Structure formats: structure tokens, C-alpha cells
Amino acid sequence: MIAHFSQIATVFLMVAGLYVVIARGNLIKKLIGLSLFQTSVYLLYILPGKVLGGTAPILDAGYSVYANPLPHVLILTAIVVGIATLALGLTLVVRIKEAYGTIEEDEIFAKDGPRAKVDPKVSKASVSPLNKTGRGGKSA
Amino acid sequence: MRLDVVLHVTTKFILAPLLLFALYVQFHGDYGPGGGFQAGVIAAAAIILYGLINGLGPAQKIVPVGLLEVLIPGGVLIYLSVGIAGMLLGDNFLDYNHLAHDRVHGQEWGVFLVEIGVFVTVFSTMIAIFYAFAGRRRS
Amino acid sequence: MIATHLPVLLILAPLLGAVLAALSRNGFAAWLIALVASALTATFSLALLWRVQAEGVISYRLGGWAPELGIEYRIDAVNAFIVVLIGIVAFLTMIFARRSVLAPERIAWFYTMMLLCVAGLLGISVTGDAFNAFVFLEISSLSTYTLIALGRDRRALVAAYQYLIVGTIGATFYVIGVGLLYLITGTLNLGLIVERLGAIESSRALIVAEAFIVVGIGLKLALFPLHAWLPNAYAYAPSSAAVLLASTATKVAIYLLARFLFTVFGGHVDVGQVPLGSILIGLSLAAMFIPSAAAVFQNDIKRVLAFSSLGQIGYITLGLALANPTGLTGGLLHLFNHALMKGAAFMAIGAIVLRTGTAKLDELSGIGRTMPWTAGALTVAGLALIGVPGTSGFVSKYYLILGSMEAGLGWLAILIVASSLIAVLYVGRIVEVIWFREPALAAREASEAPGELLLPMLILAGVTIYFGLDAEWPAGLASAAAQALLGVAR
């Protein structure tokens, strides 16, 4: 249990983030969940990169054991991607707020109302929980 | 906000060290944790802090939006040019071996120049994000 | 010198073009840059195809670092095939994009985003590094979200937001899968992963990795139950962005799926207890019927086409699921043909929207009389969607039917034909309205689309017919690609 603590923390963050994305109707909260979800992946990569007793991977005569630098480099890239996604997502939310006057998902769908039930077939067929986030098919 | 003397004075003291620290992180990237990403964010934080305290207008006087729109693609252009320079010297894209008289120095130069490109783009992108949000009025 | 650097030049052209377009800050200059950059890309992609056909697999080491450490671009028959498709479609789209754009101060950024999207898509196609594929995936996705949000309708914003959420979850799932693969094998290079997976017999982590990767890419390619983001995204995006997305974005995701299913998990298509092949056949069938049926009830032509795309993706994934040379050839050929026909169809809609301001079917009756060429291109594309003999759609469906016969699944062949009948319904509806009804007000006031819109549209429509009559070139490419994919699996 203790030995797997880091994995448990990772998976907890992952599931918590995904849950927030699916379960919350507030667009900002969804983005926070998404961020959390992405963050868990950073942990997934970085934790195994730690070498016990290793130093930072910088060439120096005094040390011979280094942490694996590759996961850090990868995750630096992933963090940048995450920032870009979050910034773009927030920008869209600001624009949505300006256009609709609300950031609650159900209120937005209600405003573009008449079209809300364009294709009952597809929405009924959605079996995956992930589909909740992509409710676009039913709504607009 | 304008009357808040404490904030104003503190900011004045912080700004210069912040920018200096950004440069330190940028150039110390070879020997310790650091590099263009981190330095760009720190430098942008200085401008953003200035914008928070003095308002968007004065901040945009220091770093105008037009300049940002040049800097964002400009940084990528620096990165691409370094890569293409490697190609012109007969190596693969982003191979820095022949940028200087020997391999080690070539790599050092290559990474150094690319990090400058990274710094420029990250710095300007962060400020652009701040401007984009700060420029919107509450509706 | 250019020949050896082709793989990276392919990406550099649109990337450098994007930077210059952003720096130009002038709509027309940006368009010219975009046009030149995409023309170069198309040229490079054809040259690359030619080189791959002559020399076999090409490997390019970025920065001169060998695979374990560095990123390798690896191009074989499969990548070359996809790259040519993207290159050509991107070039035609850029010609088309001259007219159909929006507020003047944003135009330069619009072309920047288009080029970035192309660069990302090409990057996914050429890279031989799993994580690099993720980075390119996000480059193309982020620019796609921006492009969709540029649509005129406010619903474009919501569509972009939803795609952002779903797309990011998909990409993150993919990274989780890649991370697990990295933990198992200690490398991110696809070739090395394949080598090292051989030593690992059914590890649980491998199954999880495969599940994450398939679901993640499935979200990106709008595999049936994960498709809800797609119709809105296509319907509200600006016309030229919709063309680019509809004909390339999902296709590249399908390529990535094929790459992982066959090349990486090649020996293990059914890892552990997961009969992935049968699941994929089931989902493909569902996609062929359910969204196609939904397409029949749409009023907005863009949405009809978007739902039809979902159905057509079903045919392509069916080809992947069959996993025999003929079926896979059919799937890949359909990928190619569908990109061309959907491109033509979305261009036609774009032209109609430009002239009439609407894509609603009931307002467009009789549009064929005032915009005969545009409506003609739409009709040709529609016939190809059905799979009428003489259009490219027929050839690829024919291969698919042969493939299912070969796999001993005769009933699949019947279902393929049956699902094509649904396409008859939605295409028939469009054809009936645009040609045979009395012109409505919108149609009477419209005039034929301008030349720069007609040219790429008619090229795509013409090619759709040409490849229906003489499919040797694309079928040869697709079959070489299928053999390359399956060859590793053996």
C-alpha cells in the first residue's frame, strides 16, 4: 500500500479530474477538472523517472547516479501544452460568457433551445460516460 | 488602487530583481535548473505584476500589443532559423554540431540560441494571455 | 540536399509559413504565404512518396541523435500515402480559403492557424516517436479549436469548447497509454517499442496501455460512441476550416490508430481477453448505421455532411478491423477517397454559404439553377458518398466487400450495401431539393461561386470521378500501405 502510494495518488487525481469534467456543468469547473486530469499524467511520467539516491541529471565529476531526465523533458512539453489548452479554454469561456451571458452548460443549451433535440437517435446511442462532455451532438 | 503606496513601492523594488533573476535562470540553464521556459515566465511575471499594480495602459506602454504580435512568431522564427542553419551546414535539422569550431561548443551555441527563441515566445505569449483576459470588461 | 531532408522540410514548410503569415499581419500577404507554403508541402509530399516507392523506408534523425535518445521521423508506404493526401488537400484548401474568410484584422491569424494545423497533422503522420506524435497532435488540435471558434455563429464557441474538452481528454488518454508503454519498454520510439514488446508476453500494463491509446485516439477520430463533438465542430467552423478538418483531421487520427493497432500491437491485436477486432467491427457497424440515419433528419447541409462523415469513418475503421490485406486496402482507400469527396462537398457548401448566407436545406431549393457548377460538385460528392459505380466511393466499398468476404463474414458485405442505402436517403434529399424544386428567394438571388472557390472544388469532384473510373494509382498506394501495416504484424 505504502509502496504504491505514488501510483494511488496519481490514479486518484486522474479519476477525480475526469469526474469533475463529466459531472460539473460549470464551464470553468470543467476546465479545472481537465487541468487536474492532465496534471495526474505529469505525475505518471515523472514518478518512475526518479532514481533513488540520484542527483539532477547535470554532468559533474562528483556524482555518478542521475535521475532519468527524459520524463522531465517530456513533461515540460506536456505542461506547456496544458497551459496552452487551459488558456485557450478560458478564452473560449470568456467569449461564451459574452455571447450567452452565462457559463452554465444547461443554460447555454437552453438558450439555443429549439435545436436541443436535433437527433435523439445519436444521443440515446451514447453509451460512453465520456460522451457527456461532448453533448454537442444533442444540443446545438 | 492608485493610492496604494505600499504596493507601488514594493513593486518598484521587486521588478528589477525579477527581471535580473529571469536572466539568471535563462543563462544558468546549462549548469542548473533553468532555461527559456522558466525564464520567459519569470520575466513575463514582472510585466504582469507591473500591469496589475499600475493598470493595463501603462503596462502596454512598456510592452505594446503590436510588439507582442511580432515577438510571438519571432521566437519561433529564431528556433527555426537555428534548425535551418544546421541544415545549411550539412547536418540534419536541429543538429548543432557544426555551429561552432567543435561539437561541444556547437551544441552549446545551438541550445543557447534556441533557448533565446523559447524565451522570447514564452515571455510574449504569457503577456499576451494576460492582456487578452485583462482587456475584457466584466459583463 | 533537399532530398535527404524531405521528411523535415515537409513540416518546416507549413511551420515557417505560419510564422511568416503571423508576422505579415496582412490578409493578402498571409494568404500568398499560406499558398506558397502549402504548395511546397504538396510538392515535398509527392517527392517523398516517390522516394519511398523507390527506396523503401526512410528514416530521418532530428538533430542527428539516434532513436533511443532522439526523435526519429520514419516514413514508409503508410505515412507517405497519408502525407500525400494531406499535402494535396491542404494546398487545394488554401486556394479555396482566399475568399471564404472573416473579419479583416484576423485574417493573417486565420492562415497562421490553418498552416499550424497542417504542420501538426503532417507531424503526426511522419514521426516515429510516440510522444512526438502527442505534441503534434496537440499542435493540430489547439489550432483546430481556434479555427472552429472563429466561426460566425456563437454556437461555434460552444462547439469549440466541447471539442477542446473531449479532444484534450482524448489526447491525455493517449499520453497515459504512451506513458505506460514507456514504462514497459523504456523507449518512445515506435520501432524500438515493437522490438522490445516481443519479449513481453501479455503484460497487464500492455493491455491497459492499448486500451488507453485506442480510446484516446478513438475520441480524436470520432469513433462511433465517442463522436458527439464532431457534428457541431464541422457545422459551425468557417467553411475553409471545415474543409481542412473534414478531409484531414480525422484521417490522421485513423492513421495513428492503424499505426498502433498494426505496427505496435501488431502481434497482439487481441491483447489478453480483449477481442479488439470484434469490438471494432461492432462499433464500425454502429457508426455506419446510426449517425447515417441521423444525417437523414438534419436540415443544415453542413450537419448532414458531418453526420455522414461519422458513417464514412465507420467504413474506414471497418477496413482496419477486418485486418486482411483486401479489407485494409479498402479501408485506407476509403480514407483517401472520402477525404477528397468530403473536401469537395464542404467546399460546395462553403461556396453556397458565401453566396446565399445559409446552409439550411429548406432555404436552398433550386440552388442548382443559379449555381450549377457548385451544385454539380456537391452532387458528385454525394454520389460518391453513396458509392455509386463510376465514383471513387464505389471502388473503396467494393474492396471492403471483397475484404469481408475474404474474412468469411458475408453478412458484413450485405450490411455495407444496406448502409449505403441510408446514404441514398440523405444524399437524395439534398439532390432533390437543390435541383428539382422551384428556386427559393435565396437561390434566385445567388450567382455562381467565384473562380478561386470553383477551381479546387471542381478538381476534387473531378478526381472523385476519375478515381472511380481508374483507381489504379490510389488503390496501388493503399494496397502498398496495407501490406506495410500487415507485414510488420506477421
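Every chain is named by a letter (A, B and C) in the order it is written, and numbering of its residues begins at 1.
What we mean here is this: contacts are C-beta pairs under 8 Å (C-beta built on N, C-alpha and C of every residue); 3 or more make two chains touch, one makes a residue touch a chain.
Just so we're on the same page, UniProt names per chain: A = Cation:proton antiporter subunit C; B = Na(+)/H(+) antiporter subunit B; C = Monovalent cation/H+ antiporter subunit D family protein.
What you see is a predicted model, and the numbers here were worked out from it, not measured in a lab.
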{"item": "Touch-based graph of the chains, sorted into line, ring, star, complete or other", "value": "complete"}
{"item": "Selected pair, greater C-beta contact count between A-B and A-C", "value": "A-C"}
{"item": "Where subunit B and subunit C are represented by their mean Cα positions, the distance between them in whole Å", "value": "36"}
{"item": "Between subunit A and subunit C, centroid-to-centroid distance (C-alpha), Å", "value": "25"}
{"item": "Distance between chain centroids, defined by C-alpha means - subunit A, subunit B (Å)", "value": "26"}
{"item": "Shared-contact residues (touching 2 or more other chains) in subunit C", "value": "none"}
{"item": "Residues within subunit B bordering two or more other chains", "value": "none"}
{"item": "For the subunit A and subunit B complex, residues of the former touching the latter", "value": "56, 58, 76, 80, 87, 90-91, 94, 97-98, 101"}
{"item": "Touch list for subunit C against partner subunit A, complex", "value": "131, 134-135, 138, 142, 145-146, 149, 154-155, 157-166, 168-169, 172, 175-176, 179, 182-183, 188, 219, 224-233, 236, 286, 290-291, 293-294, 297-298, 303, 307"}
{"item": "Subunit B to subunit A touching residues, read off their complex", "value": "31-33, 37, 129, 132-133, 136, 139"}
{"item": "Interfacial residue positions of subunit B with respect to subunit C in the complex", "value": "69-70, 72-74, 76-77, 80, 83-84, 86-87, 90-97"}
{"item": "Subunit C residues within the subunit B interface of the complex", "value": "1, 5, 8, 12, 15-16, 18-20, 22-23, 25, 60-64, 112"}
